[in-house]
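Take a look at the structures listed below.
One chain, chain A, appears in both complexes that follow, with chain B as partner in the first and chain C in the second.
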Partner chain A sequence: MKRVPDIAGVLLLAFFAAFPLVYTGANYDYVMHVLITAFFYAILASSWSMLAGYAGQFSFGHMAFMGIGAYATALFCHYFYITGEPTGTCTEFGFFGNWFVIVNPIGVTSTTLTQDCLRQAMAGWGDSVSVTPMPVLLGIVLGTIAGGLAGLLVGLLVLRLRAAYLALFTLGFSEIVKATISAEIDITRGQAGLELPALFENGVTVLGQTYDKTDKIPPYYAMLLLLVTCLAILAWLARSRFGLFVRALREDPDAAAALGVNTTRYKVYVFTITTAMAAAAGAVQAHYVQIITPNMLFLLQMSLVVAMAVIGGIENFVAAALGAIFLQIMLEVLRTSFTIGGVEIDMTTWRLVFFGILLMVVLRFFRNGLIAPVIARFRRAGMAEETVAKRRAGEARP
Partner chain B sequence: METPAIFWGVILWMVAWGVLGSILLRRRYFARDLDTTNANFVGAMAGAALGPVALGALWAKTPELTGRIIVAFALLAVVLIAGAFAFADPQNNCVANGSFVASQITNGLIIGIIYGFMALGLTLIFSILGVVSFAHGEFYMIGGMLVYYITAVWLPGINPLLAVLGACAIAFMIGALFERLMLTPMYTGKIDRPVEYGILATFGLAFTLQYFVQAIHGASPVKAERFIDFPRLRWPEGADPLWIKSSRGNLTLFETISISNPRFVAAVTCILVLLALLYLLHRTWTGKALRAVSQDRDAAAIAGIDPHRMNMLAFALGGMIAALAGALLVQAFSWLPQVGAIPAMRSFVIVVLGGLGSLPGAFVGGILVGLVEAAGTGCIPDAQKAASYIPAYGMIVLTLTLLLRPTGLFGRRFASGAHGQ
Partner chain C sequence: MIHLKVNNLHKRFGGNHVLRGVSFEINGPELIGVLGPNGAGKTTMTNILDGAIKPTSGTVYLNEHRIDQLSPFEVARAGLGRTFQVTRSFRRMTVLENLYVPALALGHHSQGQGLTDEAMEVLEFLTLDHLRNEYAQALSGGQQKLLELGRLLMLDPDVIILDEPFAGVHPRLMEVIYAYIRRVKAAGKAIVLISHQMNAIFSLSERLLVLNFGELIADGLPGEVKNDPAVIEAYLGSDEEHAV
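== the complex of A and B ==
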């Protein structure tokens, strides 16, 4: 019985790994998209549950760090290029025989009238000069680092204070990130959004099968891989001394400090790691959807992550991830309307109310969420018999 | 801005000395084994205001610090920034145009009073329950929406005062109901970490309320009509300029400062309700009981006060205050289900600035934040950007407060918690 959660986990993973190859519905792309988004939310919810459930630090700025990751890679891919020839108009410098070009920000303009300096140069060159965009992977790595750095700074500022301050500050921080991105239209293009290259711009060939950039299978596996990697890192952290310290400072910061845990430092560590995960998820998702706008930072998204983690089980990041996948699928399934007694109820608007009420009910009556207790139940199965057997053995010996 | 180098140079100079001052003075306090709560703030302000001179003086005479010196340094720092700005950008509207400055300050004060009033509800909840209510913005939104629905949809032609009262009553009931249903397990020790539970529970309430209103109402903005018209007034007769001139929707002081009717009505109502609230808190048994619970729960319980009922009362009252602020402002701004986010943010900034749990702090903080926002929107050269950065001004205040004096202006001992380290 104890092995049931492990076996179920492996089976679930195998299911998700095989699903895109087996499934052949007419709505294939749509289902894939829903699952990729579900994995994206799963990363956010599980890293948030590490932060909130394990370490007891309630941050409402997780989406802001996700947005920082996404915008970092977007700006990186949007403004930096490597060309074979100097453009003459851009800011540029030599780079191993080529030219590293920083495109000038032109904001939101009609593309036919005003072009940035690189596009003007390219119009003059024709096809004779090679223009290489930055590698997407490097952008994602940079986005992750940027998110982690932002998390480090915010963590250093507020984590020495009490829980309420972190929640207050991060909520404001996400508002400020959104405001900055919306206001700096010259650079971020504001509500018009930044376009990004696809995750695999030139397509990929795996095992003789070629997928072009609009195919859903490569991003699906990329996101699944990121999710599994994040879960593995979180599991490793939770089982190490680090996890022990972090749980100790959640239960009683003063006692943990008295026993020699540098509480502020460990809080900052866990905050940085989880924000970097959020940023990585944001960067990959941004390359997958290929356009980002400040709207992805709306508080709704954060509320969804919180609801997902709480409904799954806030103190178990696997449960939080499962809760996120489940909830995201439910959100899509509930895009219907039905009639009760002649009143038509449009679930597209009511589903969020439904989740809010579910969130409160779970919080009030199922403190460990809905999925975590199931896992815990199987884990604990046979524990009583074992204890009794041990006691018997102890009694028999003397 | 003409010569931004001057402005940014001064800012950089002040920040550098401020950082140095706060670090050095904290060390000095540690070395002398003194209470370091104020050291960061004093050091930063002294460094920012007078640079090495003040730091040297402070270093020599370390323990002799009074509140007056701190205030003087802080004011001097603000004056310095303003001076540098004026010097760097003499053509700016908020430097060259005196009447613009006057009206901007007046409007900042008026809106600050309303903010402070709203933050009062939040701080009331915190001082008694120990929970920051993340549903505060949603109560604000509900208040405005209810007034709109009562006056325009359900009972057209009703006296707006009754609508405001009705909205307050409904918000009070929502608050009381939520507290009974969701927050009661916090008090009995059933939950390991009550503060975190409170954060999540109020967050859940915010989520539910917002999307409930969105589902019922949709996403179209609404606005209530003016509650009352000003009488047409010219006073004193024949003076030039007229001291007070009013039309139905506007009030002009000295023919320069223009205050719109809805804001004026809202601010005056806020002050009246605030006075009533002060009366309630200081002169009635219930109010004294509330304050007693906020000071010492156990002692209050021994004296025969039921802390659980006070919790309910405080949460409902706090929600009602936010709803009242919303109900008064729905005639000034257009209203959406998402409208609560920014005022809620402001309230958070204000309560941290004033000191979590401090009632006078909330009010003073509100006025300060109102003034800072007025300065920000008025002085930043690019008007469009200035408007989009409105949430950011508060955040700068919040960041500075957390860095320099996490207990806030009027922080009480119990609000300081782990800061004394």
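== the complex of A and C ==
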């Protein structure tokens, strides 16, 4: 019985791995897009579950770290190039016969030929000079590191904060990040959004099959791989002394410290690791959608991640991930309007009401979420009987 | 040899002078009882010893290492462990996991059968072995007290402070706590026992400290302390007060 969740997990993974190859229904690209987005939210919900559910650090800044990852790779890919010749107008550094070029930040007009220093130079060069953009993968790695470093900083700042104070602090941090991105129009292009190269800009060939940059299959597997990697890391952490200590930190930080746990260190660790995961998800998602705006940091987005984790089960990161996938699919399914007794129910509006009701029902009647208790039921199967049997055996002893 | 030296501890919370120059030493595996009416400063002294709060002035040395400016986890690793007056088990963790925390925090153990065996031995001693996979929140108040004591066995400190270990405990479980104290003492540890249960503290302690209004008013053998006029006055009030 205890192996049932493991077997179910393997089957579910096999299902998602095979799905793009076997799905022959309608709206293929749309269905793939829904699942890619679901995986994106699953990474956010599961990493937030480790932070809030395991470690008890109720941060409302998780989407800010996601945004930091997304903007870090976006700015990196948008502003940095390697050219064979100096432009003469951009900020640039020579190295090994090439030039590292930093395009001038000139805001929403940066794509016009008259103001963009690199494009002006390229117009003069024709095809005679190579211009190489930064590798997307490097951008994603840098985005992940940037998010993790920001998490480290926030983790250090909130060491003495608990409960509502921690939530408010991280909420404030999130708003500061959003406001800064919105305000720095010259660099981030504000609400106009920052365009990014595709995840696989030059397409990709796998087993003789070539996919171009608009195909959904490569980003589907990229996001699924990232999700599985994050879940594997979280599983490893949860089963190690790290998982034990952060749960002790959640239960009673003073008692944990009195038993020798360096609570400060583990609080910072859990912030750094989970925010790096959020940033990685943000970076990959940004290259998938190819344009990002500060709107992705809206509080509503954070509320959605929290709701996904709560509905799945906040104290189990797998349940939180499954909750995110379930909810994302359900929110799309509920878009379909229908008619009852001649009255048309416009689900574009009402689906959010259904979502709210589901959340309230879960909070009221299923405090541990809908999925986590099912997993726990299998994991802890037979334990109550074992306790009773051992007690009786103890009583029978002379 | 175990040596705890508390030297001239003062603690003020604003205008409230809670500890007033408390000094004492523990040499070797002594069992010391600490008595005092409510507000005498017992819990404040315990919190200073375990690093939860810093003294306004004064020093604490454990085995020649100064510990009064250390964090609680550093104090625990230096060799001083404590229980809490109100039980603080990790309620949503299993009984076994509660015991793993201190053992792994010290870094002397790795996860595996050896750790489980050691934890099971402790649970059997505390008569909690049948509950090993239950969440701590499922345990009774007395069983949670025992679980706290079990965590200290896994931490294995040189000095153990037991803060009201008998409060609200069933007589049958009290026998387990008595056995626990004997076991810890036999292992060569020093025990500081804080309790309002006079019978227990007088019967168990080899030496008694009495605090009153933040001052150490007595430090001696139980028989001597029992007849100390200052102690009698602290607990029963002066003749003048009785007359009033």
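Please note the rule applied: the second predicted complex is superposed on the first by the 369 of 398 C-alpha atoms of A that agree within 3 Å, B and C clash if a C-alpha of one lies under 4 Å from a C-alpha of the other, contacts with A are read in each partner's own complex, and residues count from 1 in each chain.
Quick note on the criterion: a contact is a pair of C-beta atoms (placed from the backbone, for glycine too) under 8 Å apart; a residue touches a chain by one contact, two chains touch by 3 or more.
All of these numbers come straight from a predicted model, not from anything done at the bench.
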{"item": "Chain B versus chain C as contact partner of A:D29, first or second or both or neither", "value": "neither"}
{"item": "Touched partner set for A:V353, first chain B, second chain C, both or neither", "value": "first"}
{"item": "Touching partner for A:L299 - first (chain B), second (chain C), both, neither", "value": "first"}
{"item": "Partner chain in contact with A:D6 - chain B first, chain C second, else both or neither", "value": "neither"}
{"item": "Touched partner set for A:A307, first chain B, second chain C, both or neither", "value": "first"}
{"item": "Partner touching more residues of chain A, whether chain B or chain C", "value": "B"}
{"item": "Partner chain(s) touched by A:A258 [first = chain B, second = chain C, both, neither]", "value": "second"}
{"item": "Chain A positions touched by chain B in one structure and by chain C in the second", "value": "250-251"}
{"item": "Parts of chain A lying in touch with chain C, wherever the complex brings them together", "value": "240-241, 244-245, 247-248, 250-252, 254-264, 315, 380, 383, 386-387, 390-391, 393-394"}
{"item": "Touching residues (chain side chain A, partner chain B) in the complex", "value": "52, 56, 58, 60, 157-158, 160-165, 167-169, 171-173, 175-176, 179-180, 182-183, 250-251, 253, 299, 303, 306-307, 310, 349-350, 352-353, 355-357, 359-360, 363-364, 367"}
{"item": "Footprint of chain A on chain B - complex, ascending", "value": "126, 132, 134, 181-182, 185, 191-193, 195-197, 199-201, 203-209, 211-212, 214-215, 218, 338, 341-342, 345, 348-349, 352, 356, 384-385, 388-392, 394-395, 398-399, 402-403, 406, 417-419, 421"}
{"item": "Residue numbers on chain C that touch chain A, as the complex places them", "value": "50-52, 71-73, 76-77, 81-82, 84, 88-93, 97, 100-102, 104-106, 111, 127, 129-131, 133-134, 151, 155"}
